[in-house]
Every structure is written in C-alpha cells, then in structure tokens.
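Multiple structures follow.
In the two complexes that follow, chain A is the common piece, with chain B as its partner first and chain C second.
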Partner chain A sequence: MAVSLTVEFSGGLEALFNNSRSMNLSLASRDGSESSPTIADLVVHLCEKVMTSKRRELFVIDGYHVRPGILVLINDADWELEGEEEYVIQQGDQILFASTLHGG
Partner chain B sequence: MGRMSRSELNAEIARLKTRIAELENDIAELDKDSGSAGRETETETETELGLEEYIRYGRQMLVPEIGKPGQLALKKTKVLVVGAGGLGCPALTYLAGAGFGTIGMVDEDTVSLSNLPRQTVYSGSSIGMLKVDAAVEVLRSRNENVKYVCYPVAVRHDNVFDIVRQYDIVLDCTDTAMTRYLLGDATRLLGKPLISASALRTEAQIVVLNVGPDGPCYRCLFPKPPQHVDACSDAGIIGPVVAVAGTVQALEAMKVALGQIPTGQQRTMTLFSGIHGPTWRSVRIRGWQRSCIVCGDRATVSEWDITSGKYDYSEFCGIPDGYPDINSSHSISVKELERRIKSPHVLLDVRDRTQYGICNLPGSINVPLSELLGYDHPAALCSIADRVKAEAVPVFVICRFGNDSRTAVQLLRSSHRIGRVFDVTGGLDMWTEHVDSSFPRY
Partner chain C sequence: MPPPAESTQPQAASILPRRSVPLSTSTCELCHIRKPFLRRPKTGQKICQPCFFHVFEREIHNTISSRNLFYRGERVAIGASGGKDSTVLAHVLKVLNERYDYGVEFVLLSIDEGIKGYRDDSLETVKRNKDQYVMPLEIVSYKELYDDWSMDDIVAQIGNRNNCTYCGVFRRQALDRGAQKLGIKHVVTGHNADDMAETVLMNLLRGDTARLDRCTEIVTQSADSPVKRSKPLKFTYEKEIVLYAHYKKLDYFSTECIYSPEAFRGTARTLIKNLETVRPSAIVDIIRSGETFALERKKGGTALKLGSCERCGYISSNRICKACVLLEGLNAGRAAVQVNGVEYEPDEGAALRKRLEHLSF
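Up next is the complex of A and B:
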C-alpha cells in the first residue's frame, strides 16, 4: 500500500538530491506487497529514483545501508528509538536525513 | 640521552606544556592562599557572595530558575572549554559572565585574521598571540572573580585525562571528528557531563551527553566514525550560526551546573538551521547503548587503553585523505603554468562555484569536482573535451590547494580519456606564493 511522506535532507546531504531540502513522496512497498514500505524501502527508492548525483557512497554503504555519520530522524525522533531500517512508514510521516557536523 | 623521534618530541612538548599550566595554576593558588586567612576563609568565599557579586550577578539572580542558590552553584563549578574558536569564544564569554568559579580553556592555536569575523573575543591586536593568552586577558577584564586556567596544547590521548579530571563539566568546541571521539570517551570514562556542539555552513547541532542514569555518550550516539567530513576552512561557516551554537552550549552548561539534567523524553539534540527550513528543531535521541564499546555492558576501551595509545584514534577515524598520487610527468608547477598559459591551452578550475566566484584566474573554466564525480557527462566538460581533441591543446587542472585537482586529473585521464591533462601542484595558494602576490587567498 502506498503512503505519502515528507523527506528532508540537511547538513550537506541536499547536494546529492539536486539541492532539494524537502520533498513529498508517495511510496509503495518494494516487493509490491500490500504491506506499507519501511525505511529500508525508502532508502533504496531515494538512491534509485531520487538522487541526482552518482556519488551514492556519500549516502549509503554496503548496499543500501545509511552511511555512519548520518542521523535518521523519524518525526523528530532518532530512528534507533523506532526500529531503524525496519520501521514501517505511516501516512504523513516526516523523515529527516541529517549529516552530522564536526566544524567548530 | 638517546635521540627522540619527531612524534616523541611532540608528545614530550605537549606533556611539558600541560605540566607548565598545572604549575602556573599552583602558583596562582598559593598567591590566593597567602592573601586570605587560610582554608576556612576560602570555603567561606565559595559559599557566600561578595557585595560586588550581588551587583554583578543581580540580573540573573532575579530569574527564579537561578536565584542565589543557583549563583552559588555556578561559583562552585569548574568548567572546561576545549577549543577557543567559533564555538569557544561565545561560550567562554557567557561562562565567564555568568560567574562560574573556574574556567579552563584548551587550544594550541594562535589567532589569525580569518578568525576575527566570528571569534569575537579576539581583536586585530591579538593576531599571532596564543588564543588562550588573548582570551584570558579579555575574560579577566570582563570578570576577574573567575579563576582562569590556560592550556596552550592540543588535547591528545596522553593528556586528555589529566586535564578533564580537574573539571566538573566539559564543553566540546573542537573541530575534528577524531578529537570529538577522544573527548567523548575521556569525559564518559571520568563521568563528566559533556556539552557538544558543531557547526558548518548555515547549520549547527548541540547535544548534552554523559548525564542522567540512562543518558548516552558521544559514542552511544555515533558508534561508527563518519566517512566523510567537511571542515569550516573548506565548506565555510557563518559567524552568527556558530555563535548561536556556542551560546547555547554556555546555557546548557549553566543548566547542568544547576542540576537540570534531561532524561527520557527531554533527551534531545538541538538542530539549528540559520537560513533554510525550520530554524530550530529539537529531536529526541537514543539513550545509553548496551553495545557501546566505552560504556556498554561489555566495554572494551579503558582509560589505560587510551592513554597508552593502545586504542588508536587515527585508525578508528581513519578518514583517508583520498587524493591520488599523480605521476610527476603529469603535473606542473605554478611557475611552469605561468609560462605555458601563454600558448593555447584549457585552464580547468575544479573548485566549487562559490569559491570560483570569490576569485579566479582570467580565462579559466569552472567545472566543480563534485560535478565531475557526480555526473557521467557534465555538459561543461563535453565542450572542453571536444575542444581539446579538435585543437590538441593541453588541459591544466587547478584548485585551491592542489588536492581536488589531483582527483580530477586522475578522473579525466582514466574515465574521460583526455590525454594531455596536467595537475597544477599546490594550486592557487602556490600561485599567490610564487607568481602573483596580488591574487587573493581566503
């Protein structure tokens, strides 16, 4: 089943997505089943259909796993609190991918 | 005495600098003691305020969340600021103003011109001075009730515990991933609250760590090192953005000193975006992690592992510099470039568009490295390739310091099959140094 969600990028990740910091998406489960898509489905979709740069390694490693140093926030909560890649996306969710900063 | 290696000598110098700071501290303590009537009086001054202090801190004591007990709590607290740059300057200013009892500051750098737009503690006359020396002079003139301790050293695996141990709260105002992990681990192992902040371009992040029964440490939050890090000197920073973060750090330090410890749902990281999207976001973060290698159930990294150098931070962070070596026959010096641009050629500048817009060499063409790497056939490159093939002219690739240009040269030779491509060694920085001193450095 397809769900609508908002995806946001910050901390420099927007450069991989044509400098887009916020976008609305409609997403179905990758396997085409009735179940709602997960964060893992979203990450694949972003890499395959949305990313405009071919520097995929700045977003994912080892296939489609979000690179260390990127915070994933589901409705303003650390994805670790929500089940990480397995989290099932709900209608209207807001997912933020934020690169951690180190400057000072 | 046997001959020491460079790294041994540097380690020895760092150790001695720390020791000198400690001894200078001891002298300050002695001077203070001889001016008072002994130990009892000293305790008295810590639990009481002088008349001058009632006036000085009156405005903040009027705030119920602080009051007199809060002011006394601040006076009893020793706070350490690591890094006296864009974050450290506003943090130090407000910590000193608020009346913390002791403020330690660690930084080995000297003040430079490019610091002045945002490191507001320093002035033009501070250029060339050690940051800690310049800062302590200003801070003392603002509030001499505070005891200031200067450490003109870099935090290292062999001095971080000795320094941190003497304080109650630590502010991470540093600028590299490696130092952030080192300071995160040392503060966790010593049980000291850590107020961490960072900033880049238009954004900043602030988080309070090592507090409460189930609060996370830096490594709980970021168990794996980042694989790609931008520095302020490359990606840029805006003064007010980093100042917001440093100012929030000072406020968080006051809250921790007052005993306001965030737990559960209040455990948040603050994201500040100065220009785009929502300005402030408070996001809920994970708690303590069972699997953490520093504070988890089966922690494997101890103080000894760190101080002895057994745990290797540069290996852990291991961000390779990633720039290829260029065969010397494929590179030219800036002097040679000066000569060869008198004949037909293509001068390709691979800096990003913003940097190209700051200054560029006449006749150069800008195709940013990010576009060369990010797209198979950047339009701008296709026309260059056509021209190079039709006219058989050489391509000279230049950037700011001669790093990105190496990556570009390799890419153009391998992927784009352009033959006569040459790296300009040392980039525009060397151009200013050896060819045209009027070309701006930034």
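Up next is the complex of A and C:
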C-alpha cells in the first residue's frame, strides 16, 4: 500500500539530492506487497530514484544502511526509539535525515 | 518536573542507579510524563524534549562551574563560525549567563578565511546570530592579517593538497589577534566530545605523545599564545548538539568547506561514528582514556622559550613564527609568478617549514 510522506535533508545531505531540502513522496513497499513501506524501503528508493549525486557512500554504507553519523528523525523523534530501519511508515509522516558530520 | 539526573562525567548506562520501578518505554525516563523524543547516546535514557533541554544545558553549566571556566566581569570571545557547534555554544552560553548570573560579557569572534561559496555564506549566519543573541561581533580576515592572502588565493597558488596546514596555522593566530584587538584574553570554541575523541585517536595513531597528553584539557594556554582557549562542549555529543539546534530551531549554516578536508581526520571521524553505533559511550570513554594517560616525560624536557617573531613581532617560540614562515613561501611564489609569468611549483607545507626553520637557526 502506498503512503505519502515528507522527506527532509539537512546538515549538507541536501547536496546529494539536487540541493533539495524537502520533498513529498508517495512510496509503496519494495516487495510489492500490501504492507506499508519501511524506512529501509525509503532509503533504497532515495538512493535509486532520488539521489542526484554519485557519492552514495556519503549517505549509505554496506548496501543500504544509513551511514553512522546521520541522524534520522521520524516526526521529530529519534529513529532509535522507533525501530530504526524497520519502522513502518505511516501516512503523512515527516522524515528528516540530518548529517552531523559537517564542521561546527 | 523532578530534577533529571545530571552528570558532568558521563557514565555508561550499565552503572546508572537501578530504579525499582520497571522502565516504561512509553514515557520519558526522567519526568515519567511526556512521550520520549530521543535516546541520549551518553546514558541510553529515552527522554522528552523539555527534559532534554534541561539536562543538555545543565550539564554544560556543570562543566563550566566545576572547572571555574569564567569569572564575574570577564570578557570572553566565542569563536563563531556560523556552524552548528559554535551556534549552539553561543545560544547556550547566553541562556546560562542569564539563568545562573555568570556576569560574563560575551563577544562573537569570527575569522574570514576568504573562501567564496563557503565562508562568505556562513558569515551571513554569524551576522544574524549577532542580532539574535545580542552580542557584539568582530570579524578578522586572513586578507588583512596576512599580506593580502585569502584562502582562495593560497589554494590558487599551492594547489589543493596542503591547504589545511596553512588554514590551521593562520586561523589559530587570527583568533588570538582578533581577541587581542578586543582586549580579550579568553576564547571559547565549540569543540564537542566527538571532536575531542577524534583528536585523541589521531594523536594516538600518529604517535604524537606530546599532544596526546594535552589534547583532552578543557582549558589550554600554550606558550606561543597570549590567549587562553577553552571548550565548554567538551562532554557534549555531536548528536545532541544537532538535536538541540534542530528542536530549538537555531539558525546555523551547514556546508562542508569546499577544499578537500584532511583525509586522516576524515578516517578517524568515520571510525568514531562507527564505534558510537556499536557502543555509544565509546566517545566519552576515549576522552576519559585520553585524560588519564600518564606519559613518561623525557629527562631534561624541552621547555619552550618565549620570544617574539622577528618578522611580525607576534609571540613565538621560534625566531620566526609559523605563520610568517608559511607567508614567506607564499610571497616568494607570488614574486616568482609576477617576475617569470610561470606557475609556482607547489611545495609541501611541512617540508617548507622544516627547511626554513633549519635556515634560521
């Protein structure tokens, strides 16, 4: 089942996505099943369909795992409280990827 | 709200006092009322936003008060780049100065390295911060301090390889000179716990035992600088700084410097971030290790003799200060370009410095 969500990038990650800081997406589960997509599905989608930079390693490592040092907030809550990659995206969710790696 | 647990010396989650009530995952572990918004990397606690603001600010206050970082009436410059760390530092220092009545006068001090598309934009952020935090702002530029050289000019001449060496030497002196211009003897910087763990690792991996010894000190006063430096965010995790800036909607600038960063530092940083994923307390644990290393001193130690640079008159432990040595190389290159109209052959910064030091002694 497809859900619509808002994805935001900050901390320099926007540079990998055509300098876009915020976008609305409609996303279905990767395996085409009836279940709603997860953050893992979203990350694959972002890498395959949305990313404009070739430097994918700045976003994911070891396949499609979000690189350590990138903070993920689901409706402003730390994704560590929500099951990280396994979190099932709900209609209207707001998901922020923020790099903490840039200088201060 | 009950007072949340505090710590200036962060502890691993396993040694936190056990509570008799079972942990609930649906409410904040500090106030037990609101929905938790984040997990603290330092302690593993799941907490809500108001409790997070409270412990975040309170821990920085504890660091400041337990180390007596400031005294009443002191004028202190905040090294402000417009980035997340220094913006959070300026914000928190303003809050704490008012809340706990430090009686400190803060000034924002920024360095304009002269990097188009990077520093010019971040300085716009600092200019807004000046109004947001009601603090005076002083900007000193490489161009005015160093014979009209901006970083863009330097990179155009030496290429993209050693530019961090130049920038590092120049920035250190520029902060000192900016502070002196303001009659200030104390500069605070936004170095956080992740930065410090990274520096400990780098010094360890390079075998730089002299620096390994000192790099975890919260206050540093080096022989060739009249200005004291301190790091109030020494125990503050980068993750929490980013979250704090995000939740408080602080106005900061986040773009990587356009010139290639030092590869070694980047590798150390990646290692730290990977370690943090597996064991969040690793960051403060590395700092703790750095603090408690006791290194054997060589007999007849090499106490630095203070003098002043023969060229610029600035305090230096060498006859000619590092900045002037680098400048000499740059100016020689500029003259060669002007005379011959040919490109100057880039030199390794370190090799150049050694050669010149050898000549002058």
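We adopt the following convention: the second predicted complex is superposed on the first by the 100 of 104 C-alpha atoms of A that agree within 3 Å, B and C clash if a C-alpha of one lies under 4 Å from a C-alpha of the other, contacts with A are read in each partner's own complex, and residues count from 1 in each chain.
The definition used in the following text is that a contact is a pair of C-beta atoms (placed from the backbone, for glycine too) under 8 Å apart; a residue touches a chain by one contact, two chains touch by 3 or more.
Since the model is a prediction, treat every value here as computed from it, not as a measurement.
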Fit-or-clash call for chain B and chain C when the two complexes are aligned on chain A: clash
First (chain B), second (chain C), both or neither touched by A:2: neither
Which of chain B and chain C A:21 touches, first, second, both or neither: first
Partner chain(s) touched by A:68 [first = chain B, second = chain C, both, neither]: both
Which superposed partner A:98 touches (first chain B, second chain C, both, neither): both
Which of chain B and chain C A:10 touches, first, second, both or neither: both
Residue contacts on chain A - larger count, chain B or chain C: B
On chain A, the residue positions that both chain B and chain C contact, one per complex: 10-12, 15, 67-69, 71, 73, 76-78, 80-81, 96, 98-104
In the complex, chain A residues that touch chain B: 8, 10-12, 15-16, 21-22, 52-55, 57-58, 61, 67-69, 71, 73, 76-78, 80-81, 96, 98-104
Residues of chain B touching chain A in the complex: 83, 85-88, 172-177, 180, 197-201, 203-205, 222-232, 235, 237, 242, 269, 271, 273, 276-277, 281-286, 370, 373-376
In the complex, chain C residues that touch chain A: 35-39, 46, 81, 83-88, 190, 192, 194-195, 238-239, 241-243, 246-247, 254-257, 269-270, 273-274, 276-277
For the chain A and chain C complex, residues of the former touching the latter: 10-12, 15, 67-69, 71, 73, 76-78, 80-81, 96, 98-104
